[in-house]
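There are two complexes below, and they share chain A, which is joined by chain B in the first and by chain C in the second.
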Partner chain A sequence: MIKKRVFLIILSLVFSAFLSSQLRIEIKGGLEDPINIAIVPFQWNLKTPQQESIQRVVQSDLESFGEYAVLSPENMLSLPSRAEEVFFKDWRILGSDFLVIGEVNSLEEPTEMLVNYLIFDVVRERIIHRGKVIGPIVTQRKMAHKISDKIYSKTQGIPGIFSTKIAYIDKPSDLNPVYNLMISDIDGFDSLSLFSSPQPLMSPSWSSDMKKIAYVSFEEGSSRIYIQELATAERIGLKQEEGINSSPNWSPDGKKMSAVLSKSGNPDIHIYDFKQSRWIQLTNHFGIDTEPDWSPDSNKLIFTSNRSGSPQIYELNVKSKKVKRLTFEGSYNARARYLPNGKEIVFVHRRNGIFHIATQNIKTGKIKILTDTTLDESPTVSPNGNVVIYATKDGEKDILAGVTIDGRTKFTMPSMKGEAREPSWSPLID
Partner chain B sequence: MNYTSPLILSVFIHLGIGLSFSNFFNIDFDIFNIESAKPISAYVIFEKETEPKKQQIKIPKNTKSAEPVKNDIKTIAISSPDLVIDKLQQLSSTEAYLPKERRNKFSQSDIEKYSFLIKQQVFNNWKRPKGSNPELKTEIQINLVPTGEILSAKIIKGSGNQVFDDSALVAISRINNFEGLNMQTKLFDEHFRTFILIFSPN
Partner chain C sequence: MNTTHKTLLTMLVFLIASCSSVSTDRTNDATAISASASGAYSDNGLTSNNILYFAYDRSDINSEGRAKIRTLAKLIKDNDLSVRVEGHCDERGTREYNLALGEQRAKTVAELLIINGVSSNKISTVSYGEEKPAVSGSNENSWSKNRRALVKTF
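Entry: the complex of A and B
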């Protein structure tokens, strides 16, 4: 009897698996609200006084693109610095999704410090990351940026970009009568001049290992492409050709460099052969081909060309040399850059006489306008694909501004002094 | 001749055919179900205590009941308007509130209605992380008790992106208890005791 019943149960289970499929409910989208995060001021256990609050640097990092709402310390119910002091209920009441606590300790080396920090998932009441950063006390900002990066990647699922750098050209002004090749943190702090010249400097481009920068200098009277080592300030001039030598751009695999030369009579795309120190011509057209950028897999190049009569974006397969036109909307599309996914490009798009920064899906051709100021140019994409920084005008002044790739958050980079042009975002280095 | 093995095979096939037509013959497998061995849920006991009274509830003019009164239940003398609402909500959350003939029947639209309620609550509690590329997909199996409380949530098909999977689990933890799932036992048992939530960006 019991055997029979067991048999029937098993049979009914086997067949019910075939007969009834489970109810499936699909949730698409989700909220794009900012993530609520609480960052408790880190406990400072050093004898030397604290110059800059790590918590404040992390807070301003996370708030810069509108992706986080950071709880201010005055509104906190407690200020824990160790895991056992955390009461999740307190943080749930305050509406926090995540909580960060930490402490700064001394090391044997008196000029260095150790930051231990913890990231908590408040809703599920668990630690999602235990972090440790060691560095010289004077590099507190840098260490704070590292912590911001970790928080970002643990809560957004893509790498943070707060430790990356921006290279740009500082044009002569009343303050500073020369051209400067500058690099700075993306929040505008810690800026540094790598090279200065009374003659124009143009088009900085980072190497994939972030150790070198290529740029164009007119110091010899005509344009020439230089590569400068960051650590040693050593400069190498690449083989100079007659006419234009411009728009150097390093391939993501670090092996090749594309540029624009006009030795054949009009500007064409070339790549540099580092072994034999010579240029190899890729495009050969009577139109102007300029502003190349490498695809993330280093197999393709996009460039601007007026071969159809107006500036449009084209894609070139480096091996087969096949060229395909990408943009068809509008009579001005230029200065394109790939997004890190390789599926979209960002470029300058003119509509109704206004120059916008726009993105386009390569496959579908769908254009999305990100900015609505009038003279936006030279977009450069963050290595995580989430932010675009571009040059624009604030009245008469040249400034750098930024926009998130969804177009929702716009910002200017206020702490950059002088007249900034041609931003170039560094790659992501661990 | 040995007839045993073809006989067993034939028994299996016939049983299989019989079982697959069980829906037409309205055979209730619940009696064979392991679940039936479990203690009866509290709300069913409550049902017995409050057999539908042929009375109508008089709602004081100054209150608006959120729950529509469909039944022809007559007056229950309750003085405070708040109490009336409480009582109404209590009633509507039990099966006793439904007419007898509707208790064991449900339609596709009922499934859609409750699926929508679940969908809405999940959506409102899910913060999608930035790095969610459109191809990501996480499937989570949810086990409920009839009150709507979530017993367990298990990832049965991860997206490969830990932060994305976690964001879905956080949404479920935030909900903890689905509201408004006042449905017939049969409907609940067949579709909502266990179901799958699929999270995908766009």
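Entry: the complex of A and C
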């Protein structure tokens, strides 16, 4: 029984080494006191041979941000797949706080599979969650991510983000002389080009139902905002105005889009009303107003403005049009994004000539610098508010990097092909 | 174990079991579809490409640049040319802010051309921000070459 499992583990390791991905995660740092968890390789009861390992994907997910120490299967004293096979002593000895076991069974439909799993609190010796995932066998990675999400939410109390996606722009290379709008799983797998063009692409922004992405394309010679539907690749270009048409940003309620137009003579924040099919101007200042982001309740917008002489972050009440300045430290603060709690912002902050990613509490004004890389830009926040991914440089190469919001874990995601910039984290889906 | 004990034990098991949660998730193999553009934009009919440079974070032109623009304006008027001014930035700072800075640079040059007699309906401006650098490299030598406006005549 154990020998068969070991063989399957080795087989799945060999297979996963061959799978290609375009973003890899390399981690440094991590919590001093991570959660100790054991994920037992799930019992595979299908006739079709196992090509993926759910255990490997879940382990990789949970290790992503330094929050968990996952027990290696070779250190396990037993390999239960059912509740009655669990001896809590076997797991307490190894220091595990939590245990996950499971099995994979067939369904009537031969292309589908059913995964049953249990999450145990080892110390209290009880089941804290019974889960099922059903789906096509080819979606095993997705199923594993759903299990990771459930483990994460049951042990951390906030949603997991392992089923979310990252959109980003891939820069042209000698081999591939086009710009690509890419989407990828957070672990780098299943990356796909949604749109490619010989002219620049910028500023991808997800709709809150994850069905569409808005972005800026220069394919017609100057900037224009496009909305593309992921399932069909249908594209709509929003009415192109004189000058800059850029920085699209969907409202969380899905009803509007904020953007930047300079048709009035200088860049101002506008809203596109989908019902009326027209642009509504929100700011009216002779300086540069750009980079809007909606508050979680869709009532406010933060944006970058140089109206005081250099770029700073301002907050606009959409109804009253009242503008309030938020940042006062440093001479360059730009490209802010709200955290999901609406109480803090993450933004680009220049200090001593170096561009860092920093957070600021809106009420207290307290700034915290998160990164020790330089030339940082385009921060994007995970929908559970725990992780920030941003663009930076590794020598001459454009790469994506990340940091947990407490600053403790830092990681890089160097692209295997091309160079990545302008990451945009998708919303959570049910 | 008598019946009362058994009942109590069963109730206890249910109680403990009910402290755990239950879920069912479903996955599907839906995937996104790709599209592409061929890129209609081109430099067909280009007669000259002239470059002006800028200081970091600035969009003003120095006296050398102004002299260059005066000469260009004459060439454009004499030959009844069309002009496209492209504004560019170095990689530092945020992309969208740089798109705006690039536009300021292009507009500054366009305004100077107009002051020197070029008809405004012959001039178009566009900003590429930091998206189309002339040279790569994260040092002042490269950055200074990327902070530029291109005056293209057709």
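The criterion applied here is as follows: the second predicted complex is superposed on the first by the 395 of 430 C-alpha atoms of A that agree within 3 Å, B and C clash if a C-alpha of one lies under 4 Å from a C-alpha of the other, contacts with A are read in each partner's own complex, and residues count from 1 in each chain.
The definition used in the following text is that a contact is a pair of C-beta atoms (placed from the backbone, for glycine too) under 8 Å apart; a residue touches a chain by one contact, two chains touch by 3 or more.
Since we're looking at a predicted model, the values are computed, not measured.
Undergrad: First (chain B), second (chain C), both or neither: which does A:D174 touch?
TA: neither
Undergrad: In this superposed model, does chain C or chain B come into contact with more residues of chain A?
TA: Of chain B and chain C, the partner in contact with more residues of chain A is C.
Undergrad: If we overlay the two complexes on their shared chain A, which of chain B and chain C does A:I128 touch? Say first, second, both or neither.
TA: The answer is both, since A:I128 touches chain B and chain C.
Undergrad: Once the shared chain is lined up, is A:E108 touching chain B (first), chain C (second), both, or neither of them?
TA: Neither: A:E108 stays clear of chain B and chain C.
Undergrad: Identify the partner contact of A:G157: answer first if only chain B is touched, second if only chain C is, both if each is, neither if none is.
TA: After superposition on chain A, A:G157 lies in contact with chain B alone.
Undergrad: For A:E74, select first, second, both or neither according to whether it touches chain B, chain C, the two together, or no partner.
TA: neither
Undergrad: A:E84 contacts which: chain B (first), chain C (second), both, neither?
TA: Neither: A:E84 stays clear of chain B and chain C.
Undergrad: Taking the stated contact definition, name every residue in chain A that is touched by chain B in one complex and by chain C in the other, in rising order.
TA: Comparing the two interfaces on chain A, one with chain B and one with chain C, the shared residues are 128, 154.
Undergrad: In the complex of these two chains, what residues of chain A are touching chain C?
TA: Touch residues, chain A against chain C: 126-136, 138-139, 142-143, 146, 150, 154, 178, 183, 192-200, 202-203, 217-223, 228, 230-233, 235, 243-244, 246-247, 260, 262, 266-267, 288, 290-291, 304, 310-311, 332, 334-335, 348, 350, 355, 375, 377-378, 393, 396, 421-422.
Undergrad: Taking the complex as given, what residues does chain A use to touch chain B?
TA: By the definition above, chain A touches chain B via 5, 8-9, 11-12, 15-16, 18-20, 22-33, 35, 67, 97, 121, 123-124, 128, 153-158, 341, 384, 386.
Undergrad: Spell out the part of chain B that touches chain A in their complex, as residue ranges.
TA: Against chain A, chain B makes touches at 15-16, 19-20, 22-23, 29, 32-34, 111, 115, 118-119, 122-124, 126-133, 139, 141, 161-164, 166-167, 169-171, 173-174, 190-192, 194-202.
Undergrad: For a test of understanding, state which residues of chain C touch chain A in their complex under the given definition.
TA: 16-17, 19-41, 57, 91-97, 99-101, 103-104, 125-129, 131-132, 136-138
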